[in-house]
Each structure stands twice: as C-alpha cells, then as structure tokens.
C-alpha cells in the first residue's frame, strides 16, 4: 500500500534521528537531539544538595525544566511556559527518575534543561530520549571524577509518540499529522521493551482497545531504533582522559 | 482467596460511591462526589464569551480548575496548586471537552471548579466523574431556560483509577494502596466502553503489557458501576419547573 | 409590629445556626458553621515553629486564611482573594489572637483556614464564631496528647453582624438586607459581653451615635445565643479516648 | 491632674497639625499633612474612565493607594505593602467615597496616593484627613476648568485615632502610646459630627462599652479641630486664575 | 550669544542645587536633593549581614532602590518600577560601590533608597549625588558609634547629565530639553575628575566623537560645582554628640 | 611586543566571528552569531499592531528580549532574567531602534529574541550585531512580500566591547579578561563610524579620559571588521524566490 503520510514515510517509520553530544561546554552532560525538524537542546547539570522537603534522607533528586525559545514556533511563542510546559516537564522528570537509583546518587540534584530550538511535533519525547543521554553523560563524569563509585543509572530509556490519523496508527507523527490526529499518544519504554509511561488522549472521538494496542506495537518498534541511536551517540563520544 | 486489601475489598471492588446534587445553590450544576473518604465538590458555571484566542469562531469552551482545601490532607496543604494541580486540571478539562460539542454550545464557557474537601486517593478521577454530572446539570438548565435547543453533551463519561500493588492489579486504590503502588493508572471511559484517556505511570519498576491489560480490564468493570451511579443521581434530581 | 425583614425574622433574631464538628478528618480542629444559607468550613491546624520575625521568643502565633470557593457566590467568584479577603483574614486572625495566651502556646503556629462553601452575608463573623470552636478543639487535642499541660485559650469568643436597613437596626442581616444597608457593622464579643472588635461602616449616609448604640445592643443579644450554640456543639463532641 | 503622656499633652490634645498644599506640581490636588512627627504626602489625580466592572453606568470612582517609603520607619521598611497596607488603603478609599457623589463625578476616577514620608502613629487617619483636602482641590480644579458644573464633594470629612493607654482614653496617640495601648481605635467623622467609620480593636484585653464611649467623645472633640485645620489650609490656597 | 535654553541658563550652567540633610529621622543617612524642580529623597540604611551569595567572605555590600511617587510625574505614574527603574537602580548601586571599600565595611549592607518626589529630568544623577552624601552620613554614624574604626568611603562622587540639543551640548538639561535632545548622557565622576561611569545614548541620529568630547568637558565643569555643594551640605550638618 | 592576552590575540584583535542565517525556520529573520565561544541565537519576528501606549500614531515599534539558557554558563544559570537581563534587553532594543525609521514601519512590531546558547563574555554586543542582521532579514522579507515598499532600516549597526586589563585597553575581551578588567565598555557604532551608544563602567578604580579614548579607538577598528562580517553573511543568504 502506498504511504499517505505527508513526508512519504511508512506508518512504522521514524523521522531521521540525529544526536550530537558536547554542544554546550559548561553542563556536565550536553546533548542536541533532532527528530526531523524538531530540535531540542538537553543540558544535565549536577549540584550538591536536594530540595528542602528531601533533605537528610541521603537520597538524590532529578528534576526537569522544559521551555521553548520564542522562535521555535510560528508566530513567536511566549516565553512563559504555562500549563502545557508544566505538564511536560513533570512527565520528563518522572520518566527519567524511573531510570535512576536516587539512593545511589546521594544528596545531589540532577537538573535537566530541555530547551526547544525548533518545534515540529514530538518535543516531549525528544526531550526524554535526549535527556536520558545527557543524564548518562553527566553521571559518567561523576564516576570519572571519582565522586561516585558507579553510575546511579539503572536502565536505558527512550520515549516515542504515536498517533491515530485517518483511522491509521502511525509512528512519530510530524506537525501536520499531529495537528489532525484523532488520538495522540506518548510512550516511555526501557531497553527490555517494558513500559515506564503510557499516555493516550482522544482528540474528539474516543478510541478502542485495539487502536491502543496498535500504537503500543508501533512504539515498541520505534523504541528499538531510538535505543540504538543513543548507543551510537555514546560510542562516538570522545573518551575523557 | 482472601482479600489482602487494607479495607477488605476484592481487587475489582470500588469504594462506596456517593453522589449528591444541588449542594451549592449558585452554580448552574453542583455535585458532591465521594469515593470512600475522598470528597470533591464540583461546580459548573456557565458564562457568556470565550477566551481571547477563541473569539469569533462561534464555538464554546470548557475549562476546569482543581484545588484542595488546606484541611483536605494531613499536615495542612498549601493553597497554591503547583505543578500537580496544573496537570490535573488540564486532564479534567481535556477529558470533559471530549464529551461536549463545542460548536453546539456557542460562544459560552463552562468553568468546572473541582474543590477537594477531603483527599484519600482518586481525587482526579472523582473530579471527572462528578464533573461530568455537574456539566450535564448545567447544560440541562440552559436547555430548560431556552438558551439552547438541545444539550451540547455528546456522551456519558466516567474516570477511574487502578494500581499495581504487590504485583496485583486493583481497582480504585485507597491512599494506603496508592502510596505503595508500583504503577498508578487513570482511565477515562465513555458509556460504550471506549477510551478517552489512558495514563499509566511506573513508580519505580517498569511494567509489562500484560499488567497494563489487567488494569484496563478492571477499569472497564469499574466504569460500568460509575455510569450507573451517575444515572441514579440524575434520576433523583428534582425536575425543574 | 409586623416584621419587614425579607425572611420574616424579628429585628433581633438570628438566622438558624448550625454547627458541625469533625467534618474533615485531618485537621486538629474541624468545624462547619451555617448561619442561614451561609456555610463556612473552619479547619485549625497546628504546626511546630513560628514565622521568622517571631523566632526565639518562646511565643506562639495564630494566623488565619480566608477564601471563597468560586461556586459560593452567583456568577462564579475568582479564586484570588484580593483586598477584601486580605482585610477579612486579618480581622479573623486578630480577633482570635485576643482569645489565646501565645506564651502558653509555645513556639507553635495555629493556622485557621476559613473556606466559604456558600455565601449569603455574614461570612466573616461566621468564620470567627466557627474558628473559635475549631481552635478550641485543636488546643484540646494538644492537651489530650500531652503536648501542652493546659489550653492556651483564655476566653470564649463570638462574632456577629448588624446593619441599619431602612432606618432600623437589625441583627444578622441576610444578603438581601446587607445589599441595601445604610450601615454595615461587625462585632466580636467575649463571654463577659465585653468588646474585642468594633467595625461600623457607612455605605452612603453617615450615621448617629444612637444608631451605633442600637446595633451594639442587638449584637450583645445575638452574642449570647451564639455562645450557647458553641457550647452545645462542644458538648456533642465525642470525647477522645 | 498632671499629664502622664510621653510628650506632655493632655488626654484630649492633638499633636501639632500642619497642612501644606501644592507640594507636588503635577497632581490635580497635592497636600502634605503632618501630625506631630507623622508626615504623609497625599496626591489626588483624576483620569478619564473607570475600572472595567463599573463601565457604562455613568458613575465615577475613587480609589486610594497607601505606601510607606522604606526610610519612614526604623530598620528600613519593605516597599511591598502587604496585608496591613491593603487594609489601610481600602479604609481610605471607602471613607472618602462616603463624601463624594459618584454620579455627579461622571465616568472619571480619582486616585488618591498616600505616601508616608515619616511614620509615628496615625498614618491612616492623617491620610484620610489630608486626602479629603487633596480631593477637594482636585475637584475644585475640575470645576475651575469647566469640566464639571459643581463639585461632587458632598461633605467635609476628617479621621482621628484614639487609644486606651493604662486604662485612660487618649486622643491622637503617638508611637510610644500606640505601641503599648490596650485598645486602638480609628474614627472617621463628618462636619456634622456624624460617624462614617468606627474601628476599635482590643490589643490583648477586651474592653467595655464605657471605654468605647469615652473614645468616641474624644474623637468628636479632635475632629472639630481637624475640620478647622482643613478650612485654614483651604483659605491659604492661592486662588487659581 | 544670547542663551536659547528654555529657562535662560548658559549651556554650562547647572540648575539651582539644594541639598538638605536629616529630612527623615530614622535612616542612618537622610538627604533631600533638588536640581531645579527635580526632588529626590535619599535614605541610607545599614543592616547587619549581606545577601546569600556574598556570605562568609567578610565583605559588605551596597545596593540601591529607585522609585517614583505616582504624583512625581504628569498623568500619575505607576508604582511598579519596570525596566527603566531597574536600569537606574543598577546604575546607582554600581556607581556608589566604586566609592566604597567593601572589605572595610565588613559583612554589612548599606541600602540606599532613592524616592523621587518630583521629576523634571536628571533624577538618576540627583540620586547618585544625593546618595553619596547619604552614604557618607551613614558611614560617619557607624564610625561615631564605634562600630567601624574608619569610614569605608574611598572617594567623593557626583553624577551629572548632559545633552545635545539643537546641535549644542548643554549641561544638566531640564525636562523640556531632555525631551527633544538628540543625545542623552550621564556621567559619574570622582573628586579627581576621573570617570566612574560614562553613558551616552543617541535618541534618533548617531553622534560624533567631538560631540561626546564636548559633553565630557561640560560634565567635568558641572561636577566641580556639585562636589562643592556636597561639601557645603556636610559642613552644615550639626555635629553628633 | 609579545601579546599577554590569554588566547594569544593582539590588543586590537577580535575573536573569530561566525555568522549563520536561517538557523530557525519560523522567524522572519534568524541569525546565529558566534564571537569565539560566545554563541547567541537572534530571532526577529514581526507582528501586526504595537503596544497600547503607541496605538493610533501610525508608527511601529522594535523591542528585544534577552535570555540565557541555563546551560550557557558554569553552575547552571537561573532562567529568570533579573536586573542584568532587563538592562541588557533595554540596551539592545534602544540601539536597534536607532537604525529603524519607525514611521516607515507602520503599526507593526519587530520583536527580537536574543537567546544565549553559550556565554563567554560579549553576549550583549553579539546580540546587537546579530540582531541587526536578523532585523535586516525580517524587513527584507516584508519588502519581498510586498507588505512594505522599502525597508525601514536607516543604517547598518554593530556593537563591540572593550576593556582595560592590567592598564591596557583591549578589544573584545574574553571571559578571563572580562572577569579581571578594571573598566568594562560597550560601544554601538554605525557604518559611518558614528556613535549610537557609549557605556563605560569602572570596576574598582576610576579611569582617565585618555583611557576612554583608547577604548573608543579600538572600538572603531573592531566595528569595521564586524560591519564586513555582517555584509559577508548577507551576501551568502540564498535569494528568496
């Protein structure tokens, strides 16, 4: 069957993925991830101490901030994040905490800044996939600097979007598809194919269990390719001396 | 098998559900919903006009605000809602908009206030289930007052939580279960058993597809009983003269 | 003389008073007070420590927060309290501090949350009358739990409104009277009939000393009945074991 | 009997009153009032239009802002007004609106800025007494400029404090008295000796009706002298050509 | 050549300068400075401690706040300072810190409040010139009270504006000149004629080096007269006993 | 003489300059400028209408926002811009307005967003130099789209920093120099070598006129090279069809 996707992709095909490391010199972990035209800069910074409500428990914390540059969207977006940004940064932080042993981190905080340079759908999943790599690099630096004996990372993690467009489940929708989708879904998966977060939302018509299942299948396929892209980017990092 | 739930329920058993209408005299639709010890006051108010970005399209809007009274939780909660409240009120609004024909509403706004009087897990799903009924009553009043020819409500909607506790899927967890759950999940379903929103989050360990499926099954069962409770509360409303 | 009050009351007659305790399970003291259609939920919470400017003096503090649910008034009220709310919560806190020996409380803070569920005039005086009882219950719990040797409460306190309507002084005006009153007055009195706070405001025409005196007389009568209602509610509280 | 007041005044004696007009060149009415060491700058500005909630009724509005310069108090005060400032500016606005025919003002707003240059007790009553004069001058300018046919001012108004110190009622307490007073009271009176606002607050011990009466007597005396001081300041204003 | 300045001054002539000390009783240093119709109240307060980011270094801090009373300008100005106020108070603080040995001050903070009572151009330079004197008086009090062995002031400082109006450089422009100037410039100079801050801004057409030089010459002349005015005000201060 | 600059540059040598266009697809003008390690993304967006206080005059407006990504500096910077950011964005907006005929722009607003991706001194001057080019591209698009008959740009503009380090004037200081400079200076110049803005600030010791002159000379040299770099970047832009 000929593809009907606006950019000619198959239903189960990701947009081109590009992952750069070391884009900013100051953060402990710095990653730029691109999913097609979507570009997100992920910076992982580690500081001593934890928020007040966590003090004295010997455990660390991981939190995320998500923002868009005004020029990342048509018609200049506002800088103030608003409710959508709050929801997204809570998702990013929650997802990545599921990959970290906070007790092993000790009373330190990893702050992950996800700044969208260009938005074309999928910014939250790109933030999680790129953010995992930034966190990995930051933890590696702690180990390299003998501040930690071993990395507190417990698993590899990626995130991917699916949508139901014109009745068909598609992987990694671009803006044009996202805009007219009946259902938007985001999935966070680990390197064993297990689920960390499932979010599916009807935009208009409710959906059937079978449609949710179809999107879960696509997500599992896409996740494998993103896990490989993370590993390839890691392999390309210049080892620290 | 003997139940291991703290309050002696079966895994597929809801807490006692109680729905009162007309609790506040001023809102167009007023509902108090109780799921066990959780109590939420839902008030639906209708005003002319829509937010600025929607003006001139002849369509209406539905938005929700969610807050907790400080005394609703142990150790006095803060009034400022914060990120969790923002996330919840976005979910409530999004879910209920899926049950409303905004074009049929015309340039009016339904604001749904969900104020938690007492919190014992499940406040967001109680807000949606009670909120749907408050919206129904408010729209009925518009029809009764000849402001609308027919209700803009397109379907009946409920929401329900599930959790994975000690490896077992349970319906409608209370606070003690919610607190130590491996997975928290919230589902919004319509009167045909179709899905409007699916949210499942690993708290610690990732989960398998089969575990998600078990929770989806429980949710479908619980939804049927909540749909009946909404209908019973509606039947008890004194018809307006 | 036939009454001219909208609800048929005599000029010196209170609306029906109803006081419930233990409405919320978490606060140390929980009271719902109703004056006619006005309903306020009063929650007294006690925490260790005092605000920064009071530290190290060995004295406690009592502060109040006052808010209205949006559905408590016609046309949906805003959540942000604004100047009126600030003025009212300062009055509540000031009045109740006059009934507490802050040195005997030690470095603890009692926070009194007064949340108006339904507003029909008199919300601030209901908050003080209900708030005194919530504070009483919270202090009793501290004594019961052996955290304090004796209650820091020094006196019983109630508050009541009066108004000048069509030239006549009336006790406890309802919304319809309040709305067209020439003078609004609020009084806080103790169990000896002494004054803790007097506030009288001309809405339009100034008023004479004799008119202030007439309202002071009515307030003294109403106060006695409210003091009895507080005692009756206290007597009904299940003793803690 | 020899006075026991810290500055040697009789119980019924005001501090020296000084009223200057035209202190700032830009406001329509500009007054600096001094009660002993207390100094307040009152500026009345008139603008076209009224706040949104009043539009289209053909009526005007009068609102007040009250602030202290940081250097007006010992230990540098904060600029943010806080609850106390909110309460005071509401009192100032409410009191002065009782002296204005808002319908005669038309859809205009008089904003009265009361900025305390030096605080030594009595800043709120000085603001009302000085503010009335600033409003009078501003309205006179509107009449002089043929924007209004007659002044919308309906009466002359002053405000004065009293206190109960060591069991004795005193007029116009200075800071040292105010600080250790058992009762603080503020009164707003018109040129007929009638009451516009009565506020009396127990600081510690409740008070008797007789003590309130004694303060009301002193206030009536002090008001007469302040009414004269306003008239003298008016008489000294250079007539506008 | 006949002057073309609106108030008849020569191009190199300051407006009348008036400096009063001790205007407010509470601040450690209190100065009112007037440049023609511009009037600024400068209050220097000293407190123990420094901002968090400076703690533990044994050094002090000097910071400034700049605000305008609403009645200081035509058409009532807003109280919120906004970007312009932020820029000005940063300039004031930065300039005065260049005259203070922060190590000699110890961990204390001097807060300089500059409140504009009346604005007619030149408020920021008046704030610096008056602020230096207020700081001098405050430091003198610390020395007098044996809290410091010697003043931490390292030099005398003044500030002055120039403008390019109709192609001619003028000193100390008034509002009418400032309003139609091609270039606005502000200079901070010390008692050796050296520069502490230079700011020149084209309003419309760019300017030549020669025009900047002409303004620098005028500023050097004006600075000498302001340094004398500061000294004269100091000489008039009643010595503290 | 051998250079003593940390990166081996001559005193009058700029860091490598790199200017990219079209970095973001949505803004009308998009430029990334790099001065050594400093990288700033400049996005010029044009919208219809002007701020409220400018309406109805037929003139346009240009405003700037300046922000740093948290990862642009060591130790993760805060997102909230604070006073420094306010001061910088006011400078950027003021400087670029000096190059635009606002009447020729009509009632449109150009918003220039300057987001610092990596900071190593000179971010404000890079923002102005890059911002001019972004504005040029945005205006060219308006002309190309027949919305304007000709560009409202009136001149070419660049900005450059100088510093006094160890007694020597240097051009375009890097972070290490900036940090220990005695004087920081920023200059905005046009293509005729005329001045648009001069800012020089003593960090510690005041400076002499001759030192200001030396920095002005260096700035004039550096400006010529930046003007060429802007032209080269313009020449490389793909002509729009």
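A, B, C, D, E and F are the chain letters, set down in written order, and residue numbers restart from 1 in every chain.
Basically, a residue touches a chain if its C-beta (ideal position, glycine included) is under 8 Å from a C-beta of that chain, and two chains touch if they have at least 3 such contacts.
Keep in mind that this is a model prediction, so the values were computed, not measured.
S.K.: Determine, using the mean of C-alpha atoms as each chain's centre, which chain is farthest from chain D.
M.R.: Checked the centroid distances; the maximum from chain D is A.
S.K.: Quick check: how many Å separate the C-alpha centres of chain A and chain D?
M.R.: So the centroids are 60 Å from each other.
S.K.: Per the centroid of Cα atoms for each chain, what is the distance between chain D and chain F, given in Å?
M.R.: Whole-Å distance between the two chain centres: 52.
S.K.: Centroid of chain A to centroid of chain B, CA atoms only: how many Å?
M.R.: Result: the chain centres lie 29 Å from each other.
S.K.: How many Å are there between the centre of chain B and the centre of chain C, using C-alpha atoms for each centre?
M.R.: 34
S.K.: Listing for chain F: what residues touch at least two other chains?
M.R.: none
S.K.: Taking the touch definition from the header, please name the shape of the chain graph: line, ring, star, complete or other.
M.R.: ring
S.K.: Around the ring, starting with chain A and passing to chain B, what order do all the chains come in?
M.R.: Loop order (chain A start, chain B next): A, B, C, D, E, F.
S.K.: Using the touch definition from the top, list the residues of chain E that touch chain F in their complex.
M.R.: Listed in rising order, the residues are 83-84, 86-87, 89-90, 94, 98, 155, 185, 189-190, 192, 194-204, 206-209, 212, 216.
S.K.: Provide the residue numbers of chain B that touch chain C in the complex, in ascending order.
M.R.: Spelled out, the residues of chain B in touch with chain C are 24-27, 30, 37, 41, 43, 45, 47, 65, 67, 69-76, 79, 111, 113, 115, 117-118.
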